[in-house]
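Next, two complexes with chain A in common: one pairs it with chain B, the other with chain C.
Entry: the complex of A and B
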C-alpha cells in the first residue's frame, strides 16, 4: 500500500517538474524586473509590469481579437468537415478508405514550410489570400488530422449500432445525429474542439503568410520576441496566450459536460 | 445506407468544391504606379494605409515606428500598419505572388539589406525610381557619391533602396575581466584567450553579429582587399581566408566550452556576458551597452570598444516591392523615416539609439552634437571615432560562402 502511494507521488512529482516548472519560469519572467545568473530568484519583482503592459498595449488587445476570431472560425469549419469524415471512416467500408485514412494525416506528414509556400501560391491564385476564409481554411488543414482522429476513435467504440436503432424507431437523420450521435460522442467532440482551438491559436507562419498581414495574432506578435531573446516580452505574450487558451477551454469543457448530463 | 454514404462523402468534398469555385478569380488589377515627385505622392497618398514589413523582434525599433513615425504620418493623413515578419518570409511571400502572377499585394515598404537585397533584385521583386525627387530627404541628407547610397554590400542599388539606418559592429568588454586593457586586435584577443581560457566566445553564424565578427577577424588577419578581390567561389574564398580560419582554429580550444559549442543567439551571449561567464560580447549598435545598462541588464562594468584596424559597418535600407498597392504612401513613409525629426527621435535610448544613415558631410550639427553628447555621457565612442574605424562590408554573395567555410573548417574541424 505504502509503496503504491509512493510510486504515485513520484509520478506526480515528475509530472509537476516537467510541466509546471517551465510554466513557473515563464510566469516569473513576466513579472521579474532583473533576473540574472547565478541568482535563483529574481532580484526585483514587479507585479504591475504584466498588467500595465496588457492594458496599455493596443497591440496585444487587437492581436487577441484576431486570434480568437480565427480560432472560432477554424473550430466551426474543422468540425463541419471532420465530423462527416470521421463518421464515414468509422461506420462504412468503401473503396479508398485506406487512402482516405492516409490523406487525413498528410498535412502533418508534409513539412509545413513546403506545404505553406504552396498553399500561399494557391491562395493567391484563388484570390483568397488575406481573407478570413483563406486563413481559416489553412488553419483547418492543420487541425483536421487531430479532429478527425479524436472523433474517429470515439465513434468507432459503438460503431453505428445506436444510430441504426434510432432510425429504426422512426427518428429522422437529423434527430439521430443530434440526439444520438453527438451526445454519445461528446468526449470525442470535446477533444476535437479543444485541439482545434489550440492548434489554430498556435499557428504562426500560416497566419502570417496566408493572412497577408491582415491577421496579426498573438503568435505572430510573440514569435519575433522569442527568437530575438526578448524573453520578458515573450513571457508577457506567453501568459496572455495561456490565459486565452485555458479559459475558453475550461468553458468549452463545462459546456460540453453539462450539456451531456442534461441529455443523459 | 448507400444514400447516407454518398451524403457523407459529399459533405467531405463540399469544402473542396467551395475552394474550386473561386478558381478563376485571380487578381488582374495592376499594382500602383510609382509617383514621379514627392508632391504628387503626398497628394495621392492621403487617406491611404501603408504597410511596413520588417523584423519585429526589436522592441525599441517597434516603438520608434509606432510612437514616432506613425503619428508623423497621421499628420499627413496616412495610416501606418506595422507587420512583424522576418525578411526570409517576406521574400517567400513576394516570390509566391510573382509566381502566381499577382500584380498587386499588401506589402508596401520592406526593411531589407545585403544578401536579401541581392536575392530580391535578382528575382526583380523590387520597384525602382526611389530617387532624389521622390524622396527629398535623400537629397538633403545623403550625398549621391556616398558608396553606401550606390551599392549595398556589393549589389548596385539602382534607386531600389533608400538607406534607413546605420550600423557598425562594436565590442563590449567587461572592465573588470579585462582589467581595463581591452583586446583591440586579433593578436591581443588570442593572447588574452590563452591566458584566460574559457572566457571568450562568439555567436555561431548565420547569426548576424556572429557572422560579422568572423568577417572582422578576416579583415584583421588577411585584410579587406584580400577578401574583396577573391573570386566569389568556395575555392577562391577559401584560398583568401585560409589564415583567418587557422586563426579561429588556434583560438578555438581557449574559447568557452573549448569551442565545441557556441551560443546560438546574440541574446544568449548577452546573457552569458551579463553573468560574467564570458568577458566580451558584440553588437551592431554603438549604444548597445548604454541601452542594456538602462534596462538593468548590464552594469557600468560593460565598456564599448572597437578593433584598432576597424570594424564592419553596414546600412539597413527600405525598399518598395513591385506589387505594392500604395507606392505613393510608401514613398511618403520612406521620406518620413529619413526625416531629421524622426531620426533625431531615434537617437533616444528608448528608440534604440540608432545612428542616422546620413552622409558624413550632410549630418545636421544638432544630430552630431546629440550623438557626441550621448557618447560622452555613456563613456562610449563618438561618431567621429566610429566612422574613422569603419570598414566596408564584403560582397553579399561571399557571406554565405564564408559561413559555410567556417562551419566546415572551424566548427567541424575535428
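Entry: the complex of A and C
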C-alpha cells in the first residue's frame, strides 16, 4: 500500500509541475525586463511594471473590455437557447430526439476551419460580419454543445417531478422556473455558464474572422506579439487573461458551494 | 404539464438559431461548392470542384498527414487522461482533490498561452536549452533538437496534450464519481482479478464518456487553425493552415473550390465520428450491455 501511495505522489508531482510550469514561465515573463538566452533567470525583475501597464495602457484596457463584452453576450445568448433545449431533451420523449442529440454536437464535430469559413461567408451575406451580434452568435455556436450537455446531465437527475408538484400547488410557470427549476439545477447552470465564459474568452479565429478585426480581445492580441517575438507583451496579456478568468470562476465556485445546498 | 405546445416552444430557440446560422451556412456553401456563385457570374452547376479536390495530390497528402496527426494526438490524450483519472479516482489519498483542481487549469486557458510558454521553454534558445548548456550536456543551442516548428509536429502535439489530457480528466471525473461501485464489488466478489474488473466492468461503463472526449479532441486537432499556424512547419503544412491561406487570399473565383474542400472535411469528420461510436459499441468489451 505504501508503494502505491508513493507512485501516486510521484505522478501527482510530475503532473503538477507540467501544469504549473507554463503558468510560472508566463508570470516571470510578464514581470521581467530582460530574459533571453542563455540566462536561466531574468536579469531584472520589476513587480510594479505589470500593474503600471495594466492601468495606463489604453490597448490592454480596450481588449479587456472587448473580451468581457463578448463573453457576457455569449453567456446570455447561450443560456437563453440552451436551457429550454436541455429541458426539452431531459423531460420529453419525442420523435427525432436522437437526431437532435447528434445535431447538438455537430458544431464540435465539423472541423472548425471549415465551419468558420462557411460562417464568415454567410455572415457577410447577412451583413453581420464585424458586428457584436455576429461574433456572439459564432461563439454561441461553439458553446451550445457544452452548455446543453452540462444542463441536461443535471436536469435528468430529477426530471420534472418537482416542477409538476410546484404547478399543482398553484405556482405559475415563471414562478416554477425561477423558484424550482433553476435553484434545483444550480450546479448544471454554474457549469454551463463557466464553460461558455471560458470557450468565448479563448476563441481566436472566430473573433478575428467574423469580427473583422473590430474585436481585439485578449487572446487575439496575444497572437501578433507572439509571432513577432515580443514574448513579454504577450505574457502581459496572458496574465490579464488569467486574472479575468481564474479569479471570477474561483469566486463563483466558492459562492455556489458555500451558499447552503438544500437538495443533494 | 408536458404538452406538445410547450415542447415546440422549448425547442424553437435552438432550432431557429441553428437554421438561421448553422444550416444556412452549410446550404450556402453546398450550393457554392457545386459552382453556383452568381456574384462572380458562375451559374452552371457541376461536380468538378469535388473531382478536382479528390484528384489534387497536394490536398490529399496534407489531408492524410493531418488525419494521422489528429488521430495520434487524440489517442494519446485519451490514453493518458483515462489512466490518470483511474489512478486518482478514489478519495483515499491527499492528492485526489488538488489533482482535479489542477486539471481544471489548462481547460480554462487559451492555446496561445501554452504556445507562448513552450516557445520560452523549448525553442533552441529557450530555457531548457540554456539549462542543458549550463550543465554541459550540450555545447551550444545548435545541438538542441528542433522541437518547435519541426517536421514531426512535436510542438503542436505537446500543446494539444497539455490542453486535452486535462479535458479528458475533467470530463471523466464527473462520470467516475457517479459510477456505481456495486458493479466493481460484485465483479471482484465473483473472483475477477483487478485487471479483468477494469477491462470488463469499469472501462465499458466509462466508454461513452471517453468516446465523447475522443471525438471532440480529434475534431479539434483536425480542424483548428491557431496552433498549427504558430508552431507548424512550412514544409509539412497541416490542413487548417492550408485552407485558411486559400480563403484569405481573397480570390473569389476560388471560393467554390474552398467550399467543396470544407464540405469534404465536414462529411469526413461526421463519418469518422460515426465510425468511432459504432466501433466503441461493437468491439468486444466495448458495449455497455444496456446499463
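Quick note on the criterion: the second predicted complex is superposed on the first by the 224 of 264 C-alpha atoms of A that agree within 3 Å, B and C clash if a C-alpha of one lies under 4 Å from a C-alpha of the other, contacts with A are read in each partner's own complex, and residues count from 1 in each chain.
In the analysis below, a contact is a pair of C-beta atoms (placed from the backbone, for glycine too) under 8 Å apart; a residue touches a chain by one contact, two chains touch by 3 or more.
Fair warning: this is a prediction, and the values are worked out from it, not measured in the lab.
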{"item": "Room on chain A for both chain B and chain C (clash or fit)", "value": "clash"}
{"item": "First (chain B), second (chain C), both or neither touched by A:189", "value": "neither"}
{"item": "Residue contacts on chain A - larger count, chain B or chain C", "value": "C"}
{"item": "Contacts of A:107 with chain B and chain C, given as first, second, both or neither", "value": "second"}
{"item": "Contacts of A:147 with chain B and chain C, given as first, second, both or neither", "value": "neither"}
{"item": "First, second, both or neither for A:205, with chain B first and chain C second", "value": "both"}
{"item": "Partner chain(s) touched by A:121 [first = chain B, second = chain C, both, neither]", "value": "both"}
{"item": "First, second, both or neither for A:214, with chain B first and chain C second", "value": "first"}
{"item": "Touched partner set for A:85, first chain B, second chain C, both or neither", "value": "both"}
{"item": "Which superposed partner A:60 touches (first chain B, second chain C, both, neither)", "value": "neither"}
{"item": "Which superposed partner A:236 touches (first chain B, second chain C, both, neither)", "value": "neither"}
{"item": "Set intersection of chain A contacts, chain C complex versus chain B complex", "value": "36-38, 80-81, 84-85, 87-88, 92, 94, 117, 120-121, 125, 137, 205, 223, 227, 231"}
{"item": "Contact footprint of chain B on chain A as seen in their complex", "value": "33-34, 36-38, 77, 80-81, 84-85, 87-88, 92, 94, 117, 120-121, 124-130, 137, 173, 205, 208-209, 212-214, 216, 220-221, 223-225, 227-231, 233"}
{"item": "Residues of chain B defined as touching chain A within the complex", "value": "1, 4-5, 7-9, 11-12, 15, 19, 22-23, 25-27, 51, 53, 55-59, 81, 83-86, 89, 92-93, 96-97, 99-100, 102, 105-107, 265-268, 270-271, 274-275, 277, 296-297"}
{"item": "Touching residues on chain C, where the partner in the complex is chain A", "value": "1-2, 7, 9-14, 17-18, 21-22, 24-26, 28-29, 32, 84, 87-88, 93, 95, 98-99, 102-103, 105-121, 125-127, 129-131, 133-134, 141, 162, 166, 174, 215-216, 219-220, 222-226, 230, 239-240, 243-244, 247, 255, 258-259, 261-263, 265-266, 269-270, 273"}
{"item": "Contact footprint of chain C on chain A as seen in their complex", "value": "5, 7-9, 11-12, 15-16, 18-23, 25-26, 29, 35-40, 80-82, 84-85, 87-88, 91-92, 94, 100, 103, 105-122, 125, 137-138, 140-141, 144, 148, 153, 160, 163-164, 167, 198, 201-202, 204-205, 219, 222-223, 226-227, 231, 234-235, 238, 241-242, 245-246, 249"}
